[in-house]
Each structure stands twice: as structure tokens, then as C-alpha cells.
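Each of the next two complexes has chain A plus one other chain: chain B in the first, chain C in the second.
Right after this comes the complex of A and B.
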């Protein structure tokens, strides 16, 4: 069956609709169709929105229609937010009107009880018979910030999400804008998709869509179950040869797997077997929820490294050693810098280091240290013995060097090597500000030393498997 | 690959478990290096076969009903001459019949004692979501106590096969240590790939285990083997599933 669905309508109408119908609750509050419409308008959605509800005449300045049957335009995407029992009837009406894509936000299906299982099966059957594609049920839906498409059913507290190159998908709404501070973090995404209960569209369908989405440079997924193992292997093998796929899978322990199986209504997945599938298909496995958002940044913002040789610029030896230890896990080596680089560094300040470049000592004695810092950073990044760079930034007690740092990083834009940065200092506001500004420039900053190194390490491993014949 | 006559026969008989002798015969036909094993139906035959193979030999009961051969007293190892083989044949068959009066005894398998090597295991099973999967590990306590095994999903490529060997913690033992010679990794890779092929061609196989395989400096040899077939209902579904994928 999965193979039939592949040949049906693709997912384009979900992510690039010109017309959207919002069917169901329009009551003002923190959740529902009213919030969907408000989110779309706030995010600057350029298409047309048609609210559908028999009890309203107008909402947010838009005319409300009593039924999808009387909406005067062809609809690309519908969002359904009604009671579980009425969803199937509405889906049939939508299919009759030629709608190709439906996001079913409503809950109360397979995750709830036996009746819900039956209702969900009905929906899957409608998808199969009519060809309408369904995301959900029990989903917080999708987003495509580049089109102002943020039909968020929950109040999110901010209006816009930066358009970027990371696609984030999950079997949970924990990745949708109401749950993650995309705005505050200046975090850019190409697409967001909560699969929900996966009655029709599943992880393979979405991976196949993102495979050919030019805006997406890295795909990051949270999964609890997979629908079709053999297809998953086939699809992910193909997609990872084009762009990196990072997966966080829960249910790694026996107890976790049992709980997951009961709340997603799917078969428990043997973690050792899933791990084998990831190795065979070149998927990068993630270990924490934070990594789901952090690690793809290296792929979306930076070029792939040409090898595994890491250069480190730090303020203290300790950070350098921690970085070396962590790097070893991913087969990163910290080589002796080239004779040319060593000579240059010695001329800038004697004893800067032959492997780890420690700028602590000159900083303590040179008054205008920023003037030599720029030279140091450039010298190390262009060293032919180095494939990737871990750079440490100290923001200081009053954020005094921020402008200079940004200027120096702007000067690094032509360098075809990945740079991962870690920002530290005595004040959180400056750390955050520096992080956002650097990421706006396209230089990823990681919240931990270890995560920065893991990002460079996985990039190096991915580059290697991609380069080799798999 | 031609459908195995053994499997066709078994399906006729409604049996799901192949005897060691049948398993080895099947695997040998599939191109997997298996220790020379022959089925003796009389003590005389057993002696004749052992003489041809050369001593020492091992004798094992061959009966569809006896799946735990050692526990039932159906195995005699390191037999050094004709007399030992003859009496071992009698002891095995009489002992089994005492314990399992209705067991159908096909005979006693005779095999040459394998020369000692590094013991490894290759096994397969079926995962409800991914289908057939293959396992590799070092034999003995490594697999039983330390669970030092690696998995891949079938079908797998040469690179996957090599990686699954390198992945186990005991890999350095295969590379040679303390003067011990390294084992023939390409030969093990070949076995893994052939088993992957066997599983792909024969969806009716539910589980398969080569345990142990003796790995040597040059070559490797399966010493014991076990194959279990799918029940018919499962089989039909597997067939559909495989034809969808091809």
C-alpha cells in the first residue's frame, strides 16, 4: 500500500498552497481555527484564506462559509479542527471538491481509544480511495516560513519564523512554533512538519518531498515508529546521498519502546535493528532533543569539510583539551599546524601554540588584542593542514567586542571550511545576542563545547560516506 | 538460485525445522563453506565415512524430532578410530530411542572434527518492521554473555558486511592478538553476503544460524547449522511482500 501512496499526489499543496480553507472551531482563544487564521495573517501569508463554519459570518475581516461545498474557489489545502467523529465526512466533501491536501489537527483517534482507531482507519481509507493526502490526525501541522505559511493552531506569542534551510519534522508538536522559540533564536527553517498519527502521510513521504525541495539543505526528524521498514531503508539511502538526514528516535530502552508502542499504536521498533538501518542508509543518529535543533545547523550554514583535521582557537587550554577528547569520538584529529602558519603565529605573538591556538596569553598583555585576533583567526582558518575550525568567543563583561567579532566573521565568508563556534562569558544577554548575530551571518553557534565538536565530527563523517561509494 | 529440493520436500512433510544435516546440505548448495558431513544409516556406513574423511570425527544424531542434540545425548566428539565410531553410533541411536521412543531417526551424521580456529556466528531472524535481518558475533561467551553482536538489514552490500564485522567490540581478536594469527575477514564477509542472498531468495526461511563458523587464517568453515522455516500462513504473506518489493 505504501507503494501506491508514493504514486499519488505529492506533498507540494501542503507547503505551497495558494488557497487555504480552515474548517472548524473559530472561537477566540489559545487554540483552534481562529488562531490558525491569525497566525497566517501575522506571518504575512500571501494566498487566500477561507474560514468554514456554519455559525459565523465573518472572522478577522474574512468572510466565513457554512460548508466547504460553497467555498467559491478551488482549495489547495484544508485544515480540519473539528470533533473526531465529523472528520471523515468533511474529508469526503473536500475530496469531492478536488482538494488534494488536508491537515487534520483534531485529536481523539488511534492515540485515544478503540473508536478512535476505527475513525482513523476510515480516514486512511478515504485517502486511499480518493487520493487526497492527509497529514495527521492529532497534529500541530506544517509550516513554510518562506511563504508566510504558519497555520499554527496554537497561540505562539510571536509572529514570524525566519526562512532558512533546515527542515524539522517530528511525530510530535514539540517542534512547532508554539513549542520552540524560533523567533527569539533567529532560527531559520525551510519546512516544519508534525506527522501526528501518520494515518496517510508518513516519514518516507516527507523525506521524499524534502529530497527535492531546493530550500532544504538538512533534514532533521524525531521518530517513535516507522511505517514501512524496507521502504524507509530504500528512501533514506537515496535521500542521504543528496542531503544529510538526522534522526532522533525515542523508545531506545525496552520500557520506552513499550510506552511508545501504546501511545502511537505502532509496533515497537527494536533499537538495535533501527541502528543497523541508520548505518546502512547513512542516517546520522541524534542523542538528545536539543541536538534535533542544533546539529543540523552545521549542514545548513556551512560547507562540508574535506577531511577530519580540526583546528582549535580558544582562550584557555582546558577548552582545547575537552574539544580534542570529544573530537576523538568522531575520528577528528588535531594536527600540528603547517610550518608557514606556525611562523606567522609566532610573529604575531610568540607561543600562540603549534596545535591548539591559545589566545589567552596575548589577550592578557596586548591592549588592543582584537587587532591581532583577526590576524590569528584568518591565519589558522586558511592553514592547508586544517579541514574544519572550532572557534571560541568570549563576550566579556559588557559585550565590548561584539561589533569587532562580527566584522571579523564577515571577513571569513569566502573560506570553504566549516566553522563551529562556542560563545561564553559572564553575561547571558551578551551570549545570546552574539549567538543570534553570528547565526544571522550564517555561522552556527552551539550551546556546548561538546555539541560544537559533535557537529563538526558528524559533518566530517557524512562528508566521508558521501564521498565514498555506498 | 534454484528452489532447494530439501525445502520443497520439507514443505511436503509439513516440517518447519531442518536437521543439521539438511541445513548443511542446503547451505553447501548455496555456496557456503560447510564442513564435510555425511549421513550414515548404519554403524558400518559411519565407519566407512570416517575412514574416508580421516580421524578424528564427530557423530551427531539426525532426527527431525531432536532439536537439542547435545542435551539429548545425541553428540559424540573427537572419535579417533573405527571402534569408537561404531560404539558411538550404537550409544547415540539407542540412547535417543530410550528417551524418545517415537523419534524418527534418519541416521547419524558423520563429520570431520574441524581444526580449531576462532569461532564466530552468523544468524538471521525476521524483524516485524524491516523484514529479514542478519547478525554477526564472536562465538561462545562473547555472544551469550557479552551480547557482542552487530546487525544489518537484508539485503546488504559488501561495505555493510565488512562494517558489521568491524563493529563488534571483539574485532581486535579477529585481527590477531598475542601471536595469534589474524582470521580471513574477506572469507567471513563472503559468508555474510551469501547468507543475505539466501534469505532474499528464500522468504520461507524464518531463522538461520551458522554456529559456530571456524574462522582461519585462510578461509572459514561452518561447523554447525540450523534452519527454521516460516509457518505456511506467514509464508504466503512473506511472498506477497517480497514480490511487491522486487
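Right after this comes the complex of A and C.
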């Protein structure tokens, strides 16, 4: 076969294609090539789309081609959604046409049975021989919201994903738009990538791509296996020196690892070895699925702290004590504020200038509560004894303070210290509204006290490894 | 003084009073006696309310009395919201009038300064001498939703709390209705109690009361200190033999403990000693603030498991592997299903009868997806190799399966195994709606995969200590 000879290319064609071919099922439904095309059109993809299927003439107003061979343009990226057995043939045709990137959504490979293992090996071999890069098989694919590139193979129920600084990647489709409510978020993502079975492109390739992606400030990954331990160590070490890498790895336990191996068809790694690798390379290890989406916010939207000294502003002592306990896990300390700050706070309300700045007591008695709140927050955030701030917001029974809170936060934008917020109150709608509004301003809000503290704690630890922390 | 002599009474008058006096500030605003009275009226309290304040004649249509001495009825419960210095005098007058229960909302006691410590000692002495029981000071008080008894001193923004089986108690007002959205919940609570500074009534008194409260199936507590270690051990051991007791204790770290002592005025306990006490007495220890409200749901609304064998139904392998890892922390194992079940599942879709029942693959290809889902769920839940079930629900892009999911769950009501659910999907409104509807049916939904597994895991461990687990 006369493949166009080329060396293995990077991942740019996946994330920034001008032309895309969608090869396979175009049946209307909630899964398949039809959904991919609709998603691309809805998200405002500016490039050209070429559906490929011998049984159709037209779909969504686009001409359909019987084969990739007759598509009249050079194609940057193909998406393949066909039966497992036809994938290799299609990949060869694509390589012959000079396609350099293929996302194989099709399943039924190493995760299914012995035949699938063989088919997947064939694909890997094609990638090796032709230089075509393959994401998958068994993947929900990638997204680049800033380009309107959301070629999602499952119906997602919304059209746009807010573009931002966080790259979310995983060895599962649980991070793709059909599974996670990106449309309802108020922070933005730079890239989404489901590795699938990793027959070619793996976590290291993606990390290397994101390392040099100016849109990405923080990288978060869910992994079940590592394809090449030595390379992983080398690459992650280099990448973490530039941007934070946060990893949730499952298959920690023996049974988990065994089951993981059976569903992705890949070998799991001894968890202790992985843990040591994380420590060595500066990876931040996550502990729950939700943290994948929450923890990177502190890195993407706030400055790194200059040290480990945490300031706490709360409405009750209990939250402060919980925060101190949690902070200790990450070597955060809660210092006495400087004498000047304490004096100023005590002048606002007697006893306010403590280690935990508890605005509950003044709140119950002061009439114009919000004016002192503003003063308190400003005073604490600029205190030279404090490197990061955990701020608690009580929404009130009718969200009456929302506008004023926002005004106060806008005034904090010049402060070069990270602020993690936790919003609570008696009504869910106001909690949600306040959270959205603050995140629109670039101030991350965490769904739990402990997660807010972990965010500040890992930011402090990360800053230290980078030498930016005293 | 001629106190009505009596031995120390239990806490019934706090939670089931026929007559309440509200003593102190009646000023309109978002805090104080006025709010208490409005909350009682709005929540439908059926007893009589007697406001006491020398400066008013009438409030909310109720006659106001200048002093507790002239209130024309025997009073079961008083709420005191006055300056700290006048509390003792009022308590004495109440005791003389035969009042047996007083909630002291007022602050400025041991949590503030030396004078406050003295004032609080005086109160404790009055309780000891007269037999009047005191909750507080520095408390947001109690609630008993089934009686419309929500005497909340802070504006809460809603009127009712759903009555149910969970008692939530804490050494902080963070669990009271102004701080937590009970009005938006779809599970119910039996009692709420903020201990405040614990000058008299403490965690042991409340546990003993709840031990014999037929409305309470599970007890959850936030504590910063233990008043009497020996008694705590004895009482908690007895109570956990009847109902589960879940405790979040802060002040775990040295700094946390020190700060805790300063804001509640009580001595903190070495965390290792507390941890040992929990193990000895069968207390379930919580790790985050949110768990206080979430974890008891499994005990209150589901049967205890008969063993530690977990069944997992999910849409992706990744969630299954995460669940297995998490389950291992609580000695949950995920067994092979019985041969009959596996055969039945494989007949529905080839390869379905695995350790993790992954309905992702059939879902992408089967047309009438919901009919097989129903079959799968029923088949797995009745499998004799399974003691508890983690079920994952994907809401879909437009919540289209909601009604069918609910129908299927209704059909599960006879199965005497606990089911913990996790709902995810691409749109927040459908996730929320599905969650509410399922909880209305009595099936707890957890906000995180890991929390759902922890709920099942602790239920299994608790059942084992009760001898109900193989």
C-alpha cells in the first residue's frame, strides 16, 4: 500500500481541524454519526464537515460521500463510528488519503473479547506503520469548546460548552458532554479528551500536547492504567514543572485493578508504585470523581499562593475549626493575623480579630451588616500574614446580599492571593445563583468545605514544589 | 427561693411542648424573638405561644406579657433571647413558675470572655439546683418538624421542614434551618438540635432522648467536644445497639482543637482517644460536613444489608471500578453474580453478566432501552449473591426516562436490600429532579459516587456489629 510517508505527528489535528469526516452510522437517534454532525453544527464549528456513508445522499444539509476515498478535500480529522471489524480497513483508506488523526468511537475491541484484542492490535499496527494518530477505540472522543469543536457521539441536551482554562481528560466517557453538565457550568474548559482503549494516543501524548497548549492552565486526568511507566514519569515531571497535573487513578485495590483490566483491556498498575511516581513527579492526586471537575478551578482561575498560611472568614466557629483540621492535611497553618489587622477588626466588632474571623456575632447585632462585611474581607485579604483565603458566604433567606457580595468580590480582583469560597444558606436556588455569579467573575466556589480547603492546600503544595512557596 | 422541687427531667418538653414563652427582643428583623414567633406560626405549631417583653402589648396577633411571672398558663418551654447578663435572673423566674425546659439563644458566654464563663457557670448551677433543663447558651435551638415546632431565631426563607426519620444534632447552628436548605430537601428529619455551649444539656442527654424517640431511626451529630467521656462511652454504646449514631468530630488536629476550645469555651478531646471510643461503641465516624446530612439517609430509608456483598449497576466501567476501590475501605466485596443471574443477563445482552453490570454497551445499540433496564435491575437486585446495590442512573439529555426510572424503582420496594443511587447526566435540572423524585419514594440518592459507597459500606459494618451481618 502506498501510504503517504510521514513521521508520527502531534495531536493538533484532533483539537484544531479545519476539515472533519464522520464515517459510519448516520441513523437518527441519540448515538452515532448523526449526533456528531448535529453537535458540530450546533456548537458553531467553523470548519467543513464531510459525512461518509454509502447509504445516504444528504444529512443536515450536508452532502454525504460513499467513501473517504471520494471526499474532495484533504481531511484533518476523521471520526469512525462503524462496526469493530470494518475499522482497520477504513483507517488504511484514511491513511492513504493523508488523514493524520482518527477518533475511533466504535467499541467491541480489547474491552470485549479475544477477537477485539486482535482487531485493536491491528489498529495499533496501522498507526505505527502509517503515522496516522488514533484516539480510541471505545471512546466518546474529544472537544475543544473555543473552536466550537464538540463532535459528541451521544446526544447531550445542550449546545455550547464555555471555553476556559481547564483540560479534562479520562480513560472513560464519563467526562464527555453527554455525561457531565458542562452547559450548566460557569467555569470554562479548554479541552476534553476520552482516551478510550489507548491503542495509540495515550495519557503521555495528551499531557505533552496540553503542555504546550496556551489555552490550558491546569490538566486533570482520570486513569485506570499507565501505558508506559518510564515515559509517564519523564513526561509528567516535565509537564508539572509548567502546569499543575491532577490525577484520579482507579484500580487502587486488587479487585478494582482486576476489574479495570477486564473492561479497558489494559494492564493496571500497582497503586503503591503509582503513588510513588506521583510524589516524584509532582502530580496532585485526587480522591473522588467530583474532584476531577472541581479541584482544577483553583489553579485555572486563581494565582498560586506564596506560602502555606491560610486566612479563614466564616459565619460560625464550627466551619473554621473544620477548615483548620482539613488544612493540616496539606500543611496549611492558620496564623494569628498581624497586630494591625487584629486591631482594625476589633475596632469593627470586639473580639473579631481572632485566628478565625467569625462574622456571626456582629452579624446578629449590626444593622448595616454588608458594609462591615466588605471592610472585614478587604482587611483580612491584604494582611501580610496570610497567603490564601477561605471565605464563607451565607446567602441569607432571600439572596438579598447577592449584589453586594459580588461588588465586594469585584473589588478583590487585584489581590494576588488565591481565594476559595464556600456558599451556604437556607435556599438552594440562592446558593446556586451565588455560585454561578462568583464563578463567572473567576472566583471558584467549592461544593464542600473540605474540597475548598483541599484546593487551597494542594495549590500551596504545588507552589512549593515550583519554588514559589516559602 | 421556692423552686418547685423536682428531679432532673428528660428532654420531652423541648421537643413536644404545648406552651412556649418567647422571652426577649421582639424587634422586627432577621434575628430574634419576633422571627421565632413568626416561624412557629408559619410552620403550623398547634400549641400556645406567649411572647414576653415589657415594651410590647401585642405581636403577630398575640398578647405580649411584661414578665414570665404574669403569663397565665403553665409553660412547657421558654426561649430566651436577651442580653447575657439578664439570662440567669430570667431562668430563676422560669424555674419558680415551674418551667422545666429553657433554650437560651443569647450569646456572650463562655465563647466570649471571662465574664461570660462566670455567667455560664451561674446558669449551670441554676439547672442543677432547680431541675430546669437548659439547652445553650449560644444556640440556634431545636426543631421538631412533625409538630410544626420550628422556633428558629433566624429568618430562614421557607416555612416547613419535611418530617422524617433523621435526627441532626450539632455543637453549632450550621445545622439549623437558617443555615441548611431543609425546605428544599426530599427526605425528612425527626429532630434538629444545636447544643450551643452545653451548660446543661449535652450530647449524651440528646442521644438518650433520641434513643427512645420512635420517630428517629438514625442520629447524626457534629461535635467539637465531649462533656463527659465515661458517660459518652456508656450512652453511645447503648444507643448504637438500637440505632446508628454517626458523628463528625472536629478539633482533630492540635490547632483545630485549640481554636475549637476558644470558640465554644469547652475542652477538646484528644482525637485518638475519641477514635478509639467510636470503635468501641460502634459509632460511625464521618469525614465531611456534608456527610452529616447525606450518610444517615441510607439508615433511615433503607433496610440494613445482610452481608458485605455489593452489586454494581452502571453505564460505564469506570464508575464500577471507582466503586470497587471505595468499597474495599469498608470491606465490601463485589462478587461474581450467581450462574443463573449471569446467564439471564448474558441473554439480555452478550457480556452483560459480569461483576460490574455495565449497561453502557447495550444502551448504545438497543432500541427500547428502558425495557431491558428494568429487567436488568430486577435480575441483579434479587440475586442471592448480593446484599446491597449501588445503582447508577443516567438522566439522559432531556430527562426522558424519568417516569420509567420511577416506575422501576417503585417495583423494587419489596426487595429487602439497601439500594444507594447516584444520578448523573448532561443537565443539572434533570439530575436534581430525578434525585428529588427518588428520595420522595424513599430511595436515597447521594451527590457523589464515593459517598454512596460509603453509605452502603458503613451500613454493612453497622449491621455486622449488630450481628445481622454474616
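Basically, the second predicted complex is superposed on the first by the 459 of 470 C-alpha atoms of A that agree within 3 Å, B and C clash if a C-alpha of one lies under 4 Å from a C-alpha of the other, contacts with A are read in each partner's own complex, and residues count from 1 in each chain.
Here, contacts are C-beta pairs under 8 Å (C-beta built on N, C-alpha and C of every residue); 3 or more make two chains touch, one makes a residue touch a chain.
From a predicted model like this one, the values you see are computed outputs, not experimental measurements.
> By residue count, which of the two partners contacts chain A more extensively, chain B or chain C?
C
> What is the contact status of A:362 with respect to chain B (first) and chain C (second): first, second, both, or neither?
After superposition on chain A, A:362 lies in contact with neither partner.
> Go through the superposed model and pick first if A:251 touches only chain B, second if only chain C, both, or neither.
second
> Applying the document's definition of touch, where does A:307 land relative to chain B and chain C: first, second, both, or neither?
In the superposition, A:307 contacts neither chain B nor chain C.
> Check whether A:10 is in contact with chain B, with chain C, with both or with neither, and answer first, second, both or neither.
A:10 contacts neither chain B nor chain C.
> Go through the superposed model and pick first if A:449 touches only chain B, second if only chain C, both, or neither.
Touch partner of A:449: chain C, not chain B.
> Between chain B (first) and chain C (second), which, if any, makes contact with A:280: first, second, both or neither?
After superposing on A, A:280 lies in contact with chain B but is clear of chain C.
> What is the shared patch of chain A, the residues that chain B and chain C both contact?
Correct list for chain A: none, the interfaces share no residue.
> Can you check the complex and tell me which residues of chain B touch chain A?
So the residues of chain B touching chain A come out as 127-131, 133, 150-153, 156-157, 159-160, 163-164, 167, 244-245.
> For a test of understanding, state which residues of chain C touch chain A in their complex under the given definition.
Going through chain C, the ones touching chain A are 30-31, 107, 111-113, 154-158, 170-174, 177-184, 222, 224, 250-253, 255-256, 259-260, 262-264, 287-290, 316-322, 324-325, 328, 333-334, 351, 354-356, 358, 360-361, 364, 394, 396-398, 424-431, 447-450.
> Which residues, counting only chain A, touch chain B once they are in their complex?
3, 226, 228-230, 232-233, 267, 269-270, 272-273, 275-277, 279-280, 468-470
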